[in-house]
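Down below are the structures I want you to see.
Each of the two complexes below includes subunit A, the first together with subunit B, the second together with subunit C.
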Partner chain A sequence: MTGPLPPRLERELRSVVGADHVITDPDRLMVYESDGLTAYRVAPRAVVLPASTEEVSEVVRLLHGADIEIVPRGAGTGLSGGALPTPDGVIVGTARMNKILSIDAADRLALVQPGVVNARLTEATRPHGLYYAPDPSSQSTCTLGGNVAENSGGPHCLKYGVTSRYVTGLTVVMAGGEVVRLGGAGHEASGELDLVGLFVGSEGCFGIATEIEVRLLPLTEGVRTLLGIFDTMEAAGHAVTSIIGSGLMPAAVEIIDKATIEAVEASIFAAGYPTDAGAALVIEFDGTEAGLDADADRAERCCLREGAREVRRASSETERAALWKGRKKAFGAMGRIAPDLLVQDATVPRTRLPEVLAEISRIGERYGLKIANVFHAGDGNLHPNLLFDRTDAEELARVEKASHEIMSLCVAVGGTITGEHGVGVDKRGYMGLVHDEVELDMLRRVRRVFDPGGLFNPGKVVPDAVDAGALPEVSEVAS
Partner chain B sequence: MAQAYEAQRERLLPCVHCGFCLPACPTYNRLGDEADSPRGRLHLMGAVVEGRLDPASDAFQTHIDRCLGCRACEPVCPSGVEYGALLELARATATEARPPGVLTRGLLALMGRPLLRKPFLLSGRILRATGLAALATRVIPSRGPLASVRLALAMLDATRPWSPEAAEGRRTSESRAVPRRDRALSPGDAPPNRGRVGVMLGCVQAGLYSRVNEATVRTLEANGYEVVTVAGQDCCGALHAHAGRLDGARALAENNIVAFERAGVDFIAANAAGCGAAMKDYDVLFEADAAMSARAAASSERVRDVTELLASAGPRPGAEVRLSVAYDHPCHLLHAQGVSGPPISVLEAVPGVEVRVIVDADECCGGAGIYGLTHPDLGARIGGDKVAAVRAASAQVACTANPGCMMQIGAGLRLEGSSQAVVHPVEVLDESYRRAGFYH
Partner chain C sequence: MIAAQPLSDLLPPEALASVDSSPLFGGRPPEAIVRPASVEEVAALLSWASREGVGVLTMASGHRVAPVTREGRFVALRMDRLNAIEAYEAADLTITAGAGAPFSSVTRALGENDQWAPFDPADVAARSLGGLVAAGESGPLRMGYGELRNHVLGARVVTGDGRTLDLGGRVVKNVAGFDVLKAVVGSRGGLAAITSVCLRAFPRPEVDRVLVRTEPTVRAAAGLALAVGTAPVLPASCVVVDRLSERGERAALVVRLHGSRATVDEEQVRMERHVGVPFEVVGDVGTGADAASSESTRRLLEGVRDHVKSDGTVVVASVRPSRLPRLLEVVDRLGPLALSCDAYTGLVRVEADPERITELDLLRRDVIALDGAIRQERISSTAMRGSADPLSPHDDRRDASAAGRTALARRLETAFDPAGALWPART
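Coming up: the complex of A and B.
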C-alpha cells in the first residue's frame, strides 16, 4: 500500500516521537528519495525520527502492527542504495540518536547511539589515548549505525579489519518492537553463538541497532605515509603486489588513478598529487616507532623497482593529513567532472589487480564511459567510479551494463561483488554470480529468523526467490 | 525567473549527494531532518528547477528560510558546490513565489535607505545610552509576546562600548580621552607605506559600532596604510542578497563599486565579516551583467577583512593589555572568506593577551541577521550553545569579528545575566596602541 499513512497511525507516531519528528508532507519526503546512490529514487510514505531505544521500539511496534515496511537510515551516505526507501515503506532515521553514551578508557570500550558520526567517536576518545579503527572514507559524515548495518571498511582495514571486529555488543529493536541485547562486554569469549557477528552487516534487514558497544584501540605511536607516483596503473598495481608479497604489513595501501587525481587536485582538498601522473599509491605504516623507517624504506624500494617515478614521504602531520584528505574526499570531488556517478565496490585477489584494471578500462572504452578508479589496493577492494549524467537515460543504461560486466569480471577471477559497501539494491542482481540457490535460500531463512514478516528493509540484499513457493514458511517461523 | 533557474541548474550539477555537508550544518545537527541539511536544501532547489516542486510550497519556503546562511557546508564540500550563491538564488525564487514576513520586509526597507536607516539607528543609540534597553531586557519576561522585543533590546544593549580596564579587573585611573578621529602617529621609524585603503563603514556597524570603525582607521594607519574617506558608500547589500532581493542588493553594490572606484583605493577594508563576504562576492552578483561584471570583479579583488590587512603588516606590537579573550569565528569570515588565522594574529600581537578559541568556534552563533527574531526557538537553541561555549572558556572578554555575531553573543550573555563585553579584534589592538602612545 502506498500513499499517506492512516491518520490514526500518524497521530500515534507523532505522540511517540514528537509532532515535528514525523514527516509526511510529500514535498519534504522528496529529500529522502535517495541515499549516496542517486541512480535510484523512491520517496517513502513517511520519515520518523525517534530519539531513544524506547521510541524506536514503540515506532517499530506501531508500524509492525499496521504491516508497514521499515527502512532504517543513518546519514544516507551509503553507496549501494541500502537506505533507499520502498514506495510503501516508512523511513526510521537515527539522526537524532547522536550521543556518545559512555567511554570506558580502562576497558577500551565505548557505548554509542547509532546516529553518532564515525569520526566524532575518535575525536571524543583521542583525549583518552584511544581511537576507533574502522575509517570509511565518508567517516566525517557516516554514522556508526550505518557502519554496523553495512559492516563498513575503510583504508586502514587492511591491517585492522572491518567493523565486525570492533562491535562487541548491540541493543537491537526487533521487528515486533521487542528490545534485545546481543553480546556485550565480557560475552565475547563465552562460546555462545555469535549473534552480534550475525547482525553486523545485515544491512537493516534484521532490526535497528539502537545502542552499539565498540572496542577502541590505543593511538599508534608512530606513522609513516608515502606517496608513490607512477606513469601507469599497471605499474602501481604491480607495486602493490610487490609490497604485500615482500611480507610487509602496511596499515593502508590506496591507489588513485589519473581521472581521480585530476578531480581531487581541482578540489579544495588538493593533496599535491602530480596531475600528469598515471597513478598514485598512498602507503602507510603505523605502530611502534622502532622499525617504521625500515618498513617505509622497503616499501619505497618496492615502488621504485616496479617503475615509480618518484616516492615522497609526508614529513609532518599536516602533509599526511593533506595526502589522506585527497583520498578520502575523492568520491565527492567527482562532482567536478560529472554530474552523477555510480561507485562500484568489488573485491579481487590482489595479484589479479593489474589485469582486472586493464580490463575495466577496456569495458569503459567499449561502453563509451569515463571510469575513475580510487580504491583500497592493499586488500584488492576495487571502487571503479562510473561517471554519467542521470538525465541521459541511454547513458544510464550503458552504466548498468558496464557495471554488470565489471562485476562478472571480478567474480570470474575469483573475487566477489562487495568489499565494504554492502549489497543494497544495487548489487542484489549480482548475488546469483556468487551464491547458488541453496545459499540464497539459506540467507532468506536467516533473515526470517530475525524478521519473520519481512518488514525490515525489504527488497535489499537477497533477491526474491524465483519461485515464491521456495520461500520459508513464514507463518511457521513466526509462530 | 528562467535566468535564475539556469544559474541554479549549473551550480547544482556538482552535488553528487555524498552527504559530507550534513554534520557541518547547525540546523541538521539540531533537528535531524535531512530537509534541514545543505544536501536536502540543494535537493529541494533541484526539484524546483526540475519543475517537480512548487517554489510556493511549504517545504521549499520553510527549509530555504530556515537555513542560517552560515556556509559551513562550503569548506567541507569536495565538489565545491557554491552553496552561498545557490541559497541567494533560491531565496530569490522563494520570495518571488511568496513574499517574506513583515519583519524581514521592514528591516530591508530600513537598511536599504539611508534616510530611514540613520534615524532608526539613532533612536537605537538613544535607547542604549539612556539605559532603557538594558532596563527593558531585565523587566520584560523571557516568555510571552514580548520575548522578541526583549531579544532585540538585548542585542542593542550588547553594542555598548566596553571598558578595557574593567575587563582586565582594574579600576579606571587614567583618562580615556582618545579623540574621535585621531590620526595614528607612530613614534620612531614610520612604517612602510602599504597602500591606500578605503574603509567600508557599513550600516549597522556605522550606526551602532562606530567605535569599531574608528579603531579600524587608527590601527590601519598605525601599520602603514593610508586610509582615505570614501564618500557615497552605502549598505553592502548582504541583507538584501541573503533575503533573495538580488536587485536591491545590486543597486546598493553598484553605489559601493562606484564610490570606491572614485576614491582610487588599493584595498577596501571590511570590518564586518558579513559585508566583507558580500563584497568579495560582488563578482557573482553581477556575473550576468555585461556592463558591470568586470568592474564588480575588480572591486571584489580589492576587498580584504581588516584583520587580513593588519596581519599582513605584522601587525606591529603595542603596549600590554592583560586580557584573556574568548574568540569565536564569524561564519562569514571563516567559511565564506576562508579567513581563520588573521583575527587571531591580530589578538596575539597584543602583549598580555591570551587567546582562547572557544569549543565549536567554527559553528554559527545563530545570529544570522535577524534569525533570532524570525526563528525564536531554533535561534535560541543555537545561540544558547554558543553562549555556553563562550562562558566555558572563562575569559575576560568575548571576541568576534562581525557586528551581527557580536550582538547575538552579547545579547545571549546579557539575557543570562552576564555583563561580559564582546569586542572586535581591532578594538583590543587599538587599546594596546592607545596605551603605547601611538595616538599622541
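Coming up: the complex of A and C.
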C-alpha cells in the first residue's frame, strides 16, 4: 500500500511524537527521497521523528500494528542507499535523538542517543582528555546510529579499528516495539552470544538502535603528517605496502589519485598538490611525542625508496590541515566536474592495490568513464568514484557495468564488495559474488531472528526473491 | 522412517578414533570420537547428527568442555586433524589456519616474520585456534590491541545441520552482509563447528616493556590499576594478580607498554607521573633487549597470564572497571586460591575454594547489583558440583529486556542449528 497514511494512524503517531514531528507534506518529504547515493530516489509516505526510546518503541508498535514498513534514518549520508525509502514505508528518523546522555571519564565510556553527530562526541569528550576514534570522512554530519548500522570506518581506522571495536552496548527497539538492551560494559563475563557485534553493521534491518554505549580513547599527545608525491599510482601503492610491511603502525594512510588531485586543484578547495603528480599519499602517525619523528623518518624513507618525487611534512596544525585538505575536500571538488558521483567501495588485500588500481583505470577507459580514486589505502579499502550525469541513461548504464567489473575484479583478487559503506540497495546485486546461496539464505535467517516479519528496511542488503521487486533498479529511476 | 545409518557408512576409518573413558566427559563417554580431515567430513557428520538426533560436542583438546550432564546419544567432534597453516600472507598481515592448529603453531609461523597475534587469555599456549575463537576470549592485551572478535577476519564454519558457510574474508574491512561471524566468535561450539580461521596479524612491537608494582593487597593494586586506566597513555595491558611469587608473594600490578624504545620510555614517565608512584622495570622483551632478561621477563608474563590455573574451579566475573574494588570484595567470599584481574575490562578470574563454590548463587545477586556478570568458567574434574549445566551462559541482568535477549539468543541458535545437534549449546 502506498499513498498517505490512514488518518487515524497519522493522528496516533502525532500524539506520540508531537504534531510537528510527523512529516507528510510532499515538499518537506523531498529531503528524504534519497541518501548519499543520489541515483536512487523514492518518496516515503511519511517521516516520523521520535525523541526517545519510549517514543521509538510506541511509533514502531503502531507501524507494526498497521503492517507498515520502517526505514530507519540518521543523517542520510549513507552511500549504499540504506536509508532510501521504500515506496510503502515510513521513515523513522533519529534527528531529534541527539543527546549525549552521559560521559563516564573514569571508565572511558559514553552513552549517546543515535542521532548524535559523530564529530560532536569527540568535541564533548575532549575536555575529559578523551575522544571517539572512528572518524568517517563524513563525521561532521553523519550520526552514531548510522555509524553503528553501517559499521563505519574512517581514515584513522587503520590503527584504531572500525566502529564495532568501540560499541560496547546497545538499546534496540525491535519489530513489535519491544525494547531490548544488548551487551553493555561490565558484562564481559556473561558468556552470552555477541548480539552487539551482530547488530553492528545490520544496516537498519534488525531494529532501531536508540541508545549506544561506546568506548573512548585518551587523546593522543602528538601527530606527524606527511604528504608523499608520486609520479605513478603504482609507486604510491608499493609505498603503502612498504610502510606497513616495515612494521610501522601509521594512524592513517590515504591515497589521492591524479584525477582527484586535478579536481581538487581546479576547485575552491585547492590544496597545493602538484597537478602533474600521478598520486599523493597522506601518511599520519600519532601517539606519544617521542618516537613520532623516527616513525615519520622511516615512512619517508619508504616513500623515497619507492620513487616518491617529494615528501612534505607538516610542521604546524595549519600545515597539517593543508596536507589533509586534498583528501577531505575530494568529494566536494568532484561535484564540480560532474553532476553525479557514484562513490564505490570495496576492499582488496593491501598488496594487490597496485595491480587492482591499474585494472580499474583500464575499466574506466573501456567504458569511457572518468574514475577518480581517493581512499583508505592502508586498509586496502578502495573508493573508485565514478563520475556521471544521471539524466544520461546510457552513461548510467555504463556506470553500472563498470561498477560490476570493478566489484568482480576486487573479489577475484581475494577482496570483497564493500569495506565500509554497506550493501544497502546498491550492492544487493553483487552479494552473489561473495556469498553462495547457502550463505545468502543464512543472512536471511539471521535477519528473521531479529525481525521475523521483515518490517525493517525490507529489500535492503540481502537479495530476496520475495521483495526484489519492491525497489526500482537505478536505471529505472533515472529514465 | 529411514533406518538409522551408522557413522562408518559416512566417514573413512581414520576419522573415527577409539573412545577412551576419559574423565573429560564427566564419566559418560561419547559413542564415537570423530576426527575429520576435511570440512566435507565435518559437514557429513553434522548433517548425519541432525538427521539421527545425535548430539555433537565440538572440541579441540577438550579441556574447556563441560562435563556431559545431558541425556541422549552424542559423539565428540575433535578438530585436531584440521591443523594446517593454510595461508600466511605476511605482507598483508593475515594468516589462515585449520581450527585444530595449536595457537602456538600460529604464533610460531608469525614469529618468523616478526609478527604476532596479540591475544593472551589464560592457557593460550595450550589452545587450538578454533578453541580460542570459539571461546572468544582476548585476554588483557585487548587494552592495546582490541578484542579477538575484531581481528578474526574470516572463518569457515559448519552449522549444526551441516551447511558450510564462509564467513567474513581475508581483508581487514568487510561489511558485505550482516556480521554473522561476530556471533560465532565466542559461541563455544553452540552455533557452528569452526573448521578454519583467518586472523589479522600485527607487527611485533620493537619493545614490550613489563612494569611491576607490588602492593600489600589486591585492593591497593586494583586502585593503582584504575589510576593507570585514566592515564593519558594507553598501555598494552594492565593486570592485577593476588600474588607474584617472584616478588615475595605480594599482590602486584603488571603493566605492559608497547612501541619503540623512545615511545615506551616516555609513556612510562607520563604514566608514573599520572599514577603518582614509580614502577619497577622487570625487563623489556623484544629486539635489542638483553636475551637473559628478555627470557626471564617472558616467563614472568606467562606466570601472570596463567596465574589462575584452568584446572581448578574457576569463576569469572565482570563489572565496569570503576566498580572493581566492590567486585573484589564480593568474590573474596569465594575464598580465592588465586585471582587475576584485567583492569581494562573489569574482568576478574578467580580459582574458587571448591568448598565455597556453593556461595556462587548468593554472589550473583551482589554482582547484579553492581550491573555486572558472573559465571562459573569451569568445573574441576575432581570437584564437579553446581547446577545441572553450570558452564552455560547466564543472563544475569534481571532488567526488563532479559527475556527479549534470551529469545534472540535462542532464535539465533535455531537459525544455525535447527535440530539442536550441537552440544553443549542448550540445556
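As a working rule, the second predicted complex is superposed on the first by the 455 of 479 C-alpha atoms of A that agree within 3 Å, B and C clash if a C-alpha of one lies under 4 Å from a C-alpha of the other, contacts with A are read in each partner's own complex, and residues count from 1 in each chain.
Simple rule for what comes next: a residue touches a chain if its C-beta (ideal position, glycine included) is under 8 Å from a C-beta of that chain, and two chains touch if they have at least 3 such contacts.
For clarity, every value in this text was computed on a predicted model and none was experimentally measured.
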Check the residue A:A393 against both partner chains and state whether it touches subunit B (first), subunit C (second), both, or neither.
neither
Determine, under the contact definition given at the top, whether A:R108 touches first (subunit B), second (subunit C), both, or neither.
second
Between subunit B (first) and subunit C (second), which, if any, makes contact with A:V462: first, second, both or neither?
second
Look at A:K329 in the shared chain and tell me whether it touches subunit B only, subunit C only, both, or neither; answer first, second, both or neither.
first
Could you let me know whether more residues of subunit A are touched by subunit B or by subunit C?
C
List of subunit A residues in touch with subunit C within their complex:
104-109, 129, 150-151, 153, 157, 161-162, 164-165, 174, 178-182, 184-195, 197-198, 200-203, 205-206, 217-219, 221, 241, 244-245, 247-249, 287-291, 294-295, 347-351, 376, 379-381, 414-423, 427, 431, 434-435, 438-440, 442-443, 445-450, 461-462
The residues of subunit B that touch subunit A in their complex are 13-23, 28-29, 31-35, 40, 43-44, 47, 52-54, 57-60, 63, 75-81
Can you list the subunit C residues touching subunit A in their complex?
89-94, 114, 136, 146-147, 149-150, 159, 163-167, 169-180, 182-183, 185-188, 190-191, 203-204, 206, 226, 229-234, 259-263, 265-267, 270, 316-323, 345-348, 370-375, 392-397, 399-401, 404-405, 408-409, 411-413, 415
Which residues of subunit A touch subunit B once you look at their complex with the stated criterion?
20-21, 23, 25, 27-28, 30-36, 38, 47, 49, 75-77, 93, 95-96, 98, 115, 117, 120, 138, 140-142, 267-269, 329-336, 339-341
